[in-house]
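Chain IDs A, B, C, D and E follow the sequence of writing; residue 1 opens each chain.
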Amino acid sequence: MENDKRDERSHAIADTLPPVPLTLEGAAVLHQMFRVRWPAWKTLAAAERQAAVAEATTVLTAMEQDGSGQTALFSLLGHKGDLLILHFRRSFDDLNAAEMRLAATRLADFLEPTASYLSVVELGLYEATVRLYTALRARGLQPDTAEWVHAVEAELARQRQAMAGRLWPQIPPRRYLCFYPMDKKRGEMKNWYQVPITERQTMMSAHGLIGRRYAGQVTQIISGSIGFDDWEWGVDLFADDPLVFKKLVYEMRFDEASAVYGLFGTFYVGLRFAAADLGIWLGGRVPAFPPTASG
Amino acid sequence: MENDKRDERSHAIADTLPPVPLTLEGAAVLHQMFRVRWPAWKTLAAAERQAAVAEATTVLTAMEQDGSGQTALFSLLGHKGDLLILHFRRSFDDLNAAEMRLAATRLADFLEPTASYLSVVELGLYEATVRLYTALRARGLQPDTAEWVHAVEAELARQRQAMAGRLWPQIPPRRYLCFYPMDKKRGEMKNWYQVPITERQTMMSAHGLIGRRYAGQVTQIISGSIGFDDWEWGVDLFADDPLVFKKLVYEMRFDEASAVYGLFGTFYVGLRFAAADLGIWLGGRVPAFPPTASG
Amino acid sequence: MENDKRDERSHAIADTLPPVPLTLEGAAVLHQMFRVRWPAWKTLAAAERQAAVAEATTVLTAMEQDGSGQTALFSLLGHKGDLLILHFRRSFDDLNAAEMRLAATRLADFLEPTASYLSVVELGLYEATVRLYTALRARGLQPDTAEWVHAVEAELARQRQAMAGRLWPQIPPRRYLCFYPMDKKRGEMKNWYQVPITERQTMMSAHGLIGRRYAGQVTQIISGSIGFDDWEWGVDLFADDPLVFKKLVYEMRFDEASAVYGLFGTFYVGLRFAAADLGIWLGGRVPAFPPTASG
Amino acid sequence: MENDKRDERSHAIADTLPPVPLTLEGAAVLHQMFRVRWPAWKTLAAAERQAAVAEATTVLTAMEQDGSGQTALFSLLGHKGDLLILHFRRSFDDLNAAEMRLAATRLADFLEPTASYLSVVELGLYEATVRLYTALRARGLQPDTAEWVHAVEAELARQRQAMAGRLWPQIPPRRYLCFYPMDKKRGEMKNWYQVPITERQTMMSAHGLIGRRYAGQVTQIISGSIGFDDWEWGVDLFADDPLVFKKLVYEMRFDEASAVYGLFGTFYVGLRFAAADLGIWLGGRVPAFPPTASG
Amino acid sequence: MENDKRDERSHAIADTLPPVPLTLEGAAVLHQMFRVRWPAWKTLAAAERQAAVAEATTVLTAMEQDGSGQTALFSLLGHKGDLLILHFRRSFDDLNAAEMRLAATRLADFLEPTASYLSVVELGLYEATVRLYTALRARGLQPDTAEWVHAVEAELARQRQAMAGRLWPQIPPRRYLCFYPMDKKRGEMKNWYQVPITERQTMMSAHGLIGRRYAGQVTQIISGSIGFDDWEWGVDLFADDPLVFKKLVYEMRFDEASAVYGLFGTFYVGLRFAAADLGIWLGGRVPAFPPTASG
């Protein structure tokens, strides 16, 4: 009886939780995809080509580890692009500056933009949100009151500090990248944004468990792009074996959060190489990664 | 008992209100997105480049504050375009004249149009409409009668005067712009245009409350494009911190008006800079905004 | 009792009416949208430019009012095109000849086709159809019998004569054009083509009433394109104030025929100018319309 | 009673018929759509242009009636292409050879491919299939047994002989062509491929009746493209009056097979002209068809 | 009674099976589609053309059978591309190296990439999975326990060895190729990823039976692309008669797995030719296959 009543009460509370989960935002992220204008590049005089390689190598090597973030290069598979340049920065201003700096290089005259994606590293806090909101409601607080807002701010500050490393991550130094954007479905019957927050939390938690089983094999960075780009989130997977991308994404497709609500955009798969090896790559060979003495 | 009867009667009235909310229209708006033909621009002789910058700077500086409206420049993030030029004008004729004037500049030869959006600043008057229509119906008036039309015209005139500033706004002088077009869903089961006007008013009012909480951080300008462009509305958000775009749009996505009925097009995010700084921007650097002495 | 029986009988008849409404077809219509290759145009020698303007002005002025129809020019807003050329002709052969004639001009080398739409002016006869079919059924006739077909042909002939002016219309001499194509939805639950003809007639009639209230402000020409182009109908609205496009299309969006069944394609908005003023327009200024002495 | 039992039994049999209707396949079909690069073509020296016309005329005239099939030329309306070349051949190898032969001409350097469609002439045998399968089931035979397969092969052989003319047709010598691809819907509720074969047969039969009423005015050739191109079927209509395309397609849109299950792709409308008149057409005039002495 | 109980128990077990079927992965696969820039190719000096042919023939002949896989060339029908190059390799690194090697040839300057597809040969093990999982559950084991994982690994190892030939296949030496990508539907009502694994197994098994009847006429290679490209699977069919593609795909469209859940992308159909015959093909003739003495 006691339990039933408590259950009822906690259900009653669950029904009154605000629907929006708390999130933390970190690094500003830009994916740039380019096709190389090979015919034009090949007709360039050798000296000009060398100069262009030298300039771009200098610029990109400096970006790989600069004060305001990092940059990484990937050799793309297929016709969607030849080169993916991934930027993590402190701000959108820094991203725009990186874009402009690249566009100013001689090499950029031989790079045709085919796609891009703008987002910020995001940590979704479904679990913490439900825990906090439930506690606040149990104390009889109303959303948007000073006390409520204060408690939320305190929680966010606590989480932000605890997760600083994940909010401002290094680009994982693995060979393979898989990037794709995604949405949560808002269908006429199945609508993620109309599901109670506690049910969404349960689904996200099950979803996370799958990811955790691949923890050693893949590093996942989620970035949010609502208000920034055409999908709601970007997903970057980094691994030493690309088969892991298939295994992970396939397994996840069966969990409810993805099976019912996940909508997926274009997939990009690339091989990392060091900016210092740009000349090798432009010469038609994919350099090893991490770079070896002989490139 | 009394209350019940009054409720019944007001329900009965609600069921007979015309479905179309009143709107006010103000400035004619054109968004122009361009990609810079950097390779061609860079091969232009320095003197020609300077002349092109000088001419375009003169033209755009004059447009920034001209008699018939304003123009603002934004450096876009990502491959959807490099430059967004936003025009507010008195009429479509003035917008078309601005387009033609720009196309006639030498700089335009290096700008490739990638997108555009045509609309007029719109103020939706759901609340006033329901209040007025309910009152008119309570007086036993029929829509489209002379008396009804007269009352509507009077209300519109009153509102138009009270809201002149919002109908003919200044382009807010903030650093960041987020623009996207949107529709209201007309699905087989969920159809905004079949929802009773009183329910739509309730949803729009809840939607507006979220916006109001971000009032200090973001300036929102809604423009209507039914009959003008491929989506029903355009949304421009202006802020000093781009994270606010994400927070606001994400929170709104959970309110019923957006979660169930909102359909969203392409998102554009840009950084404002002054027309006087166009030369700096074309040189590969994103100028500060508001402009500083050193650009 | 009497009424009930009559109602039942008329219902029973309504259920047996053939589903296809009668239509009348008139002028063959082609919309051509072009983007001007401004950079190339501007580099053309002044004399060549003058010659190209002179030739195109001669060709288009002749088309504006030629024996087999009319042609009108519009300066488009936005990036979907700069110039819309609208042709009304006696036949598809005449339309194709006009296209070919235009393509042969020197100016055409600087016009890049971005879109087009092929249709014929159509008058839908829902009301007359239901009236006639009901009468024929009441007389016990069967569709496709000689008597039925004869009665239909007679009705069509009568209507064709009465509506000759609307079937072979002048292009209305108004400043603004709004063009868009549309379909009727064939969803899994809401399917226009499965709705009984009497219900479709009721919806079309309510739809028409809205149009009639805008009669003085807007001239509407509907053209059918089933079997000719990718949507089922094209809609051309002509007005002296472009805000009327928004008011009309928005109001119609709430009527059942549009709210539930209307699907809309790309919208084009343009400003009319006279072929004689083509040189002014190509010089970067939008001429007034109707043309003034000073262009 | 007797009848009821027979009905029940025939229903029971109907429920056990295999779902796939028999089809016959004939000529391999390729539609090629091209846009003419008019500016480049016009700058070609007159002598080169004459040589290119002479070569292409020779090649295409030979193709119009060659041993392995036929080819026909159409002047397209609108921006989707200027020229449609339709090939009927004995095999895909012959089609590919025709493509390659055309690409090798000088004229091909001025033709930009905008679209194409690959299919084979198909005769659907719904009626014969249901009759045969019902008879075989009534005899107690099981699908895929030797006896069943033998009976099917015999039926196909019989039909193939009887319909040889329709399987390997001449391109009908009419002035106007309408081509469009189509699918049968596989929605979540309305799914053609889940409808019992007897119901599909009834719908196809009603659909065919409409076509038959237009028999004298239009020649229809259906080709199958499942496994070959992006839609399931291609439809070619040939007529002397293009209004017939609109009448026929509109009327069919109300029959259940189309209203509920038909999905339609891009429509192409063109005017036939003889390969011998290619020079006239490239000169900017649409030749008559059938060709007259003076072109 | 006994049977019923066993049935109930096996049903109960079926309900607790993990949803993800086991798969085996083999060769890395890349489809590259190109359009030939014929006009530019034809203007190349004969000697340069010969040199380009010689170089590309050497590179591609070596790839046809190299240590890390195979490559095959196909002459495509229609405008989606002229040439399809299919690569089977040991790894994504080898695929990327092949791409880069090709891009470095002189011929590549005349090949415009129009599409591509990245995947790995996949064998779905629905039957073995259900058998194994059912046995493990019957023994009371829980998924993700050490014992469970061990049994799964053992099964995979067994299957991998037994199926090595199908995981690392030769490109079947047949004349015709049909390639298309596909998804399994995740609709609001019909969602493949929410169907119990035993039901999916039943559907896949019925689907496989159709394929088996075509065994002698067509060789099918399925590759998985979840996490790699924009659809979930790629399907390659190889046959000596292209009509078999139509027959097979049409028949399959009626089985439940395809009718209800199959979504299909773009179809490509091509004719195989030997790399040694590249010069013949570039000269405008489609070589025979297998190659004959005279090409």
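One rule holds for everything that comes next: a contact is a pair of C-beta atoms (placed from the backbone, for glycine too) under 8 Å apart; a residue touches a chain by one contact, two chains touch by 3 or more.
Computed from a predicted structure; not experimentally measured.
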Interface sides of chain C and chain D: same vs different residues, half threshold: different
Rounded Å distance between chain A and chain E, as computed from the means of their C-alpha atoms: 29
Separation of mean Cα positions, chain D and chain B [Å, integer]: 47
Chain D: positions in contact with at least two other chains: 188-189
Chain-level touch network, classified as line, ring, star, complete or other: ring
Complex contacts: residues of chain D adjacent to chain E: 19-20, 23, 25, 30, 32-33, 92-93, 95-97, 99-101, 103-104, 108-109, 113-118, 120, 144, 186, 188-189, 191, 193-194, 224-230
Complex contact set, residues of chain E against chain D: 35-36, 38-39, 42, 75, 77-80, 82, 176, 178, 187-190, 213, 237, 242-243, 245-251, 253-254, 256, 258-260, 262, 265-267, 269, 271, 281, 284-286
